[in-house]
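Shared between the two complexes below is subunit A, which has subunit B as its partner in the first and subunit C in the second.
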Partner chain A sequence: MIERSRIFDIVTYAVMIFGMVIVVAPFWITIVAGSQSLQEVSRVPIVLWPSSHLWDNLLEAWTRADLGPKLLNSMIMAVGVTVAKISLASISAFAIVFFNFRGRMICFWLIFATLMLPLEVRIVPTYSIAANALMPFQVILDTLGITGLVETLSGLRIDMEWNLLNSYPGLILPLVATATGTFLYRQFFMTIPDELVEASKMDGSGPLRFFWDVLLPLSRTNMVALATILFVSTWNQYLWPLLITTDRKSFGTVVMQLKSLIPALNGTQDWNVTMAGALIIMLPPLLVVALMQRWFVRGLISSDK
Partner chain B sequence: MERRAYYRNKGLPWLLIAPQLLLVLVFFYWPTSQALYWAFTLEQPWGGGNSWAGWDNFLAIFHDREYWGTVVRSAFYACCTTALSMFMALTLAVFVDRSLKGTRAFQSVYVWPYAIAAPAAGVAFRFIFAPEAGLVGAINGLWPGIWNPAINGYQALGMIIVCHSWLGIGYNFIFFLAALQMIPRSISEAGAMDGARPVRRMLDLQLPLIAPTVFFLLIINLISSFTDSFGLIDTMTEGGPFGSTEVMVYKIYFDGFKGLDYSGAAAQSIILMLLVVALTFVQFRWVEKRVHYN
Partner chain C sequence: MTTITFKSVKKRYKKNPVVHGVDAQIESGEFVVILGPSGCGKSTLLRMIAGLEEISDGEILIGDTVVNKLEPRERGCAMVFQNYALYPHMSVRKNIGYALKVAGMPKPEREARVLKVAQSVSLEGYLDRLPGELSGGQRQRVAMARAMVREPKVFLFDEPFSNLDAKLRVAMRSEVRRLHRDLGVTSVFVTHDQTEAMTLADRLIIMNGGRVEQIGRPSDVYHNPASRFVADFIGSPAMNLIEGEFDAKGVFNHGKGGQLRAEGGMALAGRKVALGIRPEAIRRAGAGSNGAIAAVVDYVEELGASRLIYADASGSRLIVVDTGTGPLPGGTKLHFTFAEQDVHLFAEDGRRIETHASAARMAAHAEQPINA
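Up next, the complex of A and B:
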C-alpha cells in the first residue's frame, strides 16, 4: 500500500469479499446440500444453511459408492506417482546436470519434449500400449530379426507381454512418464555452485555420495513443494484411471466414483448423498493445499516456469 | 550457465537416467508414433494388419461437418474460459497485492479451487445449475422453462465454461500474485509521486510489467482448456444435449473408445497435438523476445 485512500480501501475489500463469495460458494453449497435431508435438498428455492443430516448422508454415500477401497486405491495411486516421480526426477536430473557424457543433450531434449503434450491428447495409443507395455521391445526385436535368430538357435520364442490393465503399475507408470519433476530438479541443481562439487570431490566423495549426502538434503524444500503438487494433481486424475480400470470394483479410484453418485434422470433426486460423497472425495487434496500452502505455491511456480 | 565441475564416469549417468528414459520411450514416444502410424493407415475390418491410407483419414475428418463443429466449439470454449478465469484471477491478485489488513485470509482461500478435481467440481456445479433443484433452477419458478441445460445446448456449454473458469482461478491467481509481488515497490512509489492514481498505476505500470506472466498464463490456459475439459464434460453433460458440448478431446475419446475408430481418433489426436505444440512454440518464441524487459 502506498497512499491512504479510504474509498480505494473500501473498493479493495468489496472486491476481495466478492471474490471470496465466488470462490467459496461451490464449497458452501456442497456442504449445505450434503447436510440436508432429501426433502430439504429438493426444496425450491433451497435454504442455504446446513442441516443435521451430514453424517447419514456421508454414510450413505460411503456405502453406495464403496468409498473405502476406492480411497485406498486413490491413495496408492497418488502416493505411488509422487514417490516414483520424485525419485526418478532427482536421479535423472542429477545425471543430466552433473555428468559429462555423450548423448547428454539428446537425453535432455528427449525428456523435456514430453512437457509439450499432455496425456489427454495421446490417450488412445497410450491405452493400447497399456495392454502390453513390452510391445515396443518386442517390435524392436522382431524387426531386427533377433526373435527369429533366437528361435532357430534355441527353439525358444521370445514373446514378451506385460498387461497393465487393472493393475497399480498401470495406474501409476503412464502418469510418471512426464518431465515436470525433472524440470524442477534441473533448475534447482543448476543453482548449486561449482565450488560445492569441487569441495566434495576434494574430500573424496564419489558422485553417489555427493548426491545422497549433499544434494538431497539441500533439495528438501523443493521435494516437499513438488510432492504437494504431484499428490494433488494425481489424486484428481480422471480420464486415465477411467480407461485403465475395467474392473472398477477392485481398481477404481474415488474420482471415478463421482459419476455413479449422480442421481439418475428418472430416479430419486437425492443430491444430498451426491454432495456428501463429493465432499469426501474433495477433502484430501483440499487439505493438502490448505495446510501446505506455502510449499504448494512455491512448487507450482518453480516447476511450471 | 555452463557448469565446469563435472563428474566423469562412463556407465553411471546412463544407469541413473535409464529408468526415466525407458518410461518416456514406452509411454510417450511409442504412443505418439503409434498415433502417427494409425493416422496414416486404416485397420482392416477382418484383421490382417493396417493398410496404408495416406491422407485419407485426415480428409475424412476435414470433410466432416460435425468435426468442424467440435473445433469451433473448442476454440470458443477455450477463449471464454481463458478470458473469464484470467480476468477474475488478475482482478483478485491486483487487489490482494495492496496487502491491506486481513488480506492473507482471502489470499489463501483463493487458491482452493486448484485442489478440486474437475469431476468433483463438475458434480457440484451440475447440482447448482440443475433445472429441477433450488439454486439456479429456482428461476424456473418465476419464468417456467427458461433454464434447462439438459435441453438447451448454449446453456449447457455456458455452464461448463463457468465451472472450468472457476477451477482455473486458483492457479492463475498464484501466478499473477507472484508476478505482481516481484515488481519493486520503488517503481510504484515513483509512479505515485508523479501523481498517478492507483487505477492508472495498475494499467500503466503493473500490467505492462507482468506482461510475460500474462502471456505465459494465456498459453497455459488455452492449452488446458483444449485438453483438460474431459472430466467436466463427462460428469456434467456427456457431450449432450445433441452434441452441443462435444469438444475435441471428448470426440477423440468417443470415436476411439466408443466408436472403436482408432484411425479417425488418431488423426484427430494428431491435429490436437499440432495445435498444442504450436501454442507452446508461440510461447517460447515470444518469451525469448520479450521477457527481458529490464
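Up next, the complex of A and C:
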C-alpha cells in the first residue's frame, strides 16, 4: 500500500497512537502506582505521575510475598515446560512428517484434536493422574488380572504409585503435551525439500542424525519463536500450579503469590505494594520477549531459507 | 571397479506400474546416460540404484552384490541432485565433509580430503561460504564435490544441470567429463537433454514409458535407431518420418500421391511402414533427377551455419538441413534426394525393419571396445 497524503498520514498516526495508549496505559498505571506511597495511591482522583517510593515498595513486595524462591520456582517451571514442549513437539512432528507408518494421519489428528481440549477442560482427570502418575498402568494390570496373578504366585502385591503433587515434575509434566507446537513444527518440516532428506540418506546419516544435524539447526528461528510464546504462557499459568501445590511455601509460583499481595477487603489497601510486586513478576517474560523479539518475528514469518 | 546389473527390474506405485522390467548391464568405469522424455521412469530407475526407491520386482546388482534390501549408505553410491540439495545452514566445507563426519572420520583427515576435493572443482576459495551465497554453478560444483569426497563406487546424477543456464551447462558438461576421465568411476547420468546425453555418454539407455527402447553407443543410437521412438527422439531436428505403403513394384506411396523408390521395398509390399530419413541426409537435387522427391517450401529457419527448410512433399512434412544460400520464399518448388543407405524403415509396431541399408550402417559403426 503506497498511499501518501497528509490526511492519510494523520489518520494512520492517530490510529497507531490510540492503539499504543491502549496497550501501554495499564503498564503505566502499574509503574505509577508501584512508585507511590500508601497515601498517594489512596488519593482520589488518582495521580498519573510516578512518585519516589518505588524501591521501598519493591522491597516490601519482595519480602511479603517471598518472591526470591518463588521466582526460582516459576523459572524452573517455565524453562522446564518450554524445553520439554519443544523437544516433544519437534520429535513428534518429525515422526509425523518424515515417517510413513500406518496410522500416521490418525496420530496427527489425535494430537490436533487436543487443541480443542485446553487444560481447564481436562483438569480433573489431569489432577487424578498427577496424584498418581502410574495409575493408568495399575488399572491396565488390574483389569488384565496380572496383579492378582502375581499376588497368588509370589505373595507380592503390585501397587504402583508416583505422586506428582507438590513437586517440580508435577508442575511441569502435565503441561508438556502441546498441539500448537507440534502443528507449528509440522508445517515447518513440510517445507523441507525431499531432496535434502535424500541427500542426507546418501550421505549415510540415519533419521536421528538428520533430525539433529539438519532439521534442528534449520528450525532455529521457529524454535526461538515457539520458546518465547511458551515461556510467557507458562510463566502466566495460574490454575494448574494453584491446584497441584498444596505446599505453597516450597512450590508456589510468583503468579500465585500475586494473589497474596492483593489487599484483603478489610486490610490496608496498599495497592502500591501489589503493583510493585506485579512489576517484579512481569519482568522476566518482558525481558524474554524483548531479547527474543528479533528472532521471534523472523520465526513467525519464517522464510529465511 | 564396479558393474551395475539390472535383472528385470520393475517398479510399481500402489498398483500403478512405472518401470516394466529393465534388463541391462553397466560396465565398470563406464559412463552411461539414461535418456528419455519426462515420466519415462528414468529417474525412478536411478533412484532404485541409489536405494531411495524400493525395487518392486527383479534385482539390481552393484558389483556382485544384490542391493535390493540394502540401505542407501551401504550401497557405495553418491548422488548429485537436480536442485543441488545442499544443507543450507552448513558452510561449503561442512557440506562437502558431512558424509565423512557421519562416517566418523577424524577431523584432520577429513579436512585434508575436503580441501583436496574442493581444489579439484576449484572451490577452495569458497569453503567458508554458505550455499546461499554461491551462484548456481558453484552450488552445482559443491554438490559434485560432496559426491566425490566419499570416493564412491558409483556416481549417480539426477538431471544435475537442468537448473543451469545454457552456457554454464556446457561448462559443467566438460567438467563432468574431465572428472570421469580422471576418476574412472562407474557413472549413471539421467537427463532429458539429448545433447547432454550424446556428448557425455559412453553408452545410452533410451527409455520410453517405463521400457528400455535401445541401449547403445551414441553413434549407434543415432545411426541405427532400434525403434521409431528412438529415431524421432534422437537428433535435432528430428528424423523425417513418412507414413506410407510399398506396392508390388517396390515403390513407396505416401501422402497425396507422393511416390519414391527405396531399397528392399518389394519384400514389404502391402505393409504399412514409416520411412525415416535424417534431415541432414537429404540433399537438394535438380529437377527431374533420378529418384528425387518434389516438395514445396513452407518456410525456412536460418541457423547461421546452415538453415532448415520445412517443406511439404505431397502432404508429408519434410525437414531438410541445407547449407545453400540465396532466398527461398514459401511456395518455391524444390527437389530433394537421399542415399539408399540413409533410409530407415519402421514397422507399424514401431520396431526397426532390417534392410541391407541398416545392416551396412551397423557394419560401418560396428561396436568398438568401450573406453578405447
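Remarks
Just so it is clear, the second predicted complex is superposed on the first by the 289 of 305 C-alpha atoms of A that agree within 3 Å, B and C clash if a C-alpha of one lies under 4 Å from a C-alpha of the other, contacts with A are read in each partner's own complex, and residues count from 1 in each chain.
Heads up, the rule we're going with is that a residue touches a chain if its C-beta (ideal position, glycine included) is under 8 Å from a C-beta of that chain, and two chains touch if they have at least 3 such contacts.
Not measured: the values here are computed from a predicted model.
Aligning the two structures on subunit A places subunit B and subunit C side by side, free of any clash. By the document's definition of touching, neither partner reaches A:144: not subunit B, not subunit C. The wider contact with subunit A, measured as residues touched, comes from B rather than the other of subunit B and subunit C. In the superposition on chain A, A:104 makes contact with subunit B only, not with subunit C. In the superposed model, A:214 makes contact with subunit C only, not with subunit B. Applying the stated contact rule after C-alpha superposition, one finds that A:21 touches neither subunit B nor subunit C. Looking at the shared chain after the overlay, A:198 reaches both subunit B and subunit C.
Of the two partner chains placed around the shared chain by superposition, subunit B is the only one that A:126 touches, whereas subunit C remains out of contact.
Once the two complexes are overlaid on the shared chain, A:10 sits clear of subunit B and of subunit C alike.
Closest CA pair between subunit B and subunit C after superposition: 7 Å apart. Touching of subunit A by both subunit B and subunit C, each in its own complex, is seen for residues 198, 201, 305. Here subunit B touches subunit A in the complex through residues 1, 3-10, 12-14, 16-17, 19-21, 23-32, 34-35, 38, 88, 91-92, 95-96, 98-100, 103, 106, 108-128, 130, 132-135, 137-138, 141, 166, 169-171, 174-175, 178, 185, 188-189, 192, 198, 216, 220, 223, 227-228, 230-231, 234-235, 249, 252-253, 256-257, 262, 265-266, 269, 272-273, 276-277, 280, going by the rule given at the top. Those residues of subunit A that touch subunit C in the complex are listed here as 193, 195-196, 198-205, 209, 213-214, 217-218, 305. Subunit C makes touch with subunit A in their complex at residues 50-52, 71-73, 77-79, 81-89, 98-99, 102-103, 146, 150.
By the touch criterion given at the top, residues 1-3, 5, 8-9, 11-13, 15-17, 19-20, 22-24, 26-27, 29-30, 33, 41-46, 88-89, 91-92, 94-101, 104, 107, 110-111, 114, 116-118, 120-129, 133, 135-136, 173-174, 176-179, 182, 190, 194, 197-198, 201, 207-208, 210, 232, 235-236, 238-239, 242-243, 255-256, 258-259, 261-262, 269, 271, 274-275, 278, 281-282, 285-286, 288-290, 293, 296-297, 300-301, 304-305 of subunit A touch subunit B in their complex.
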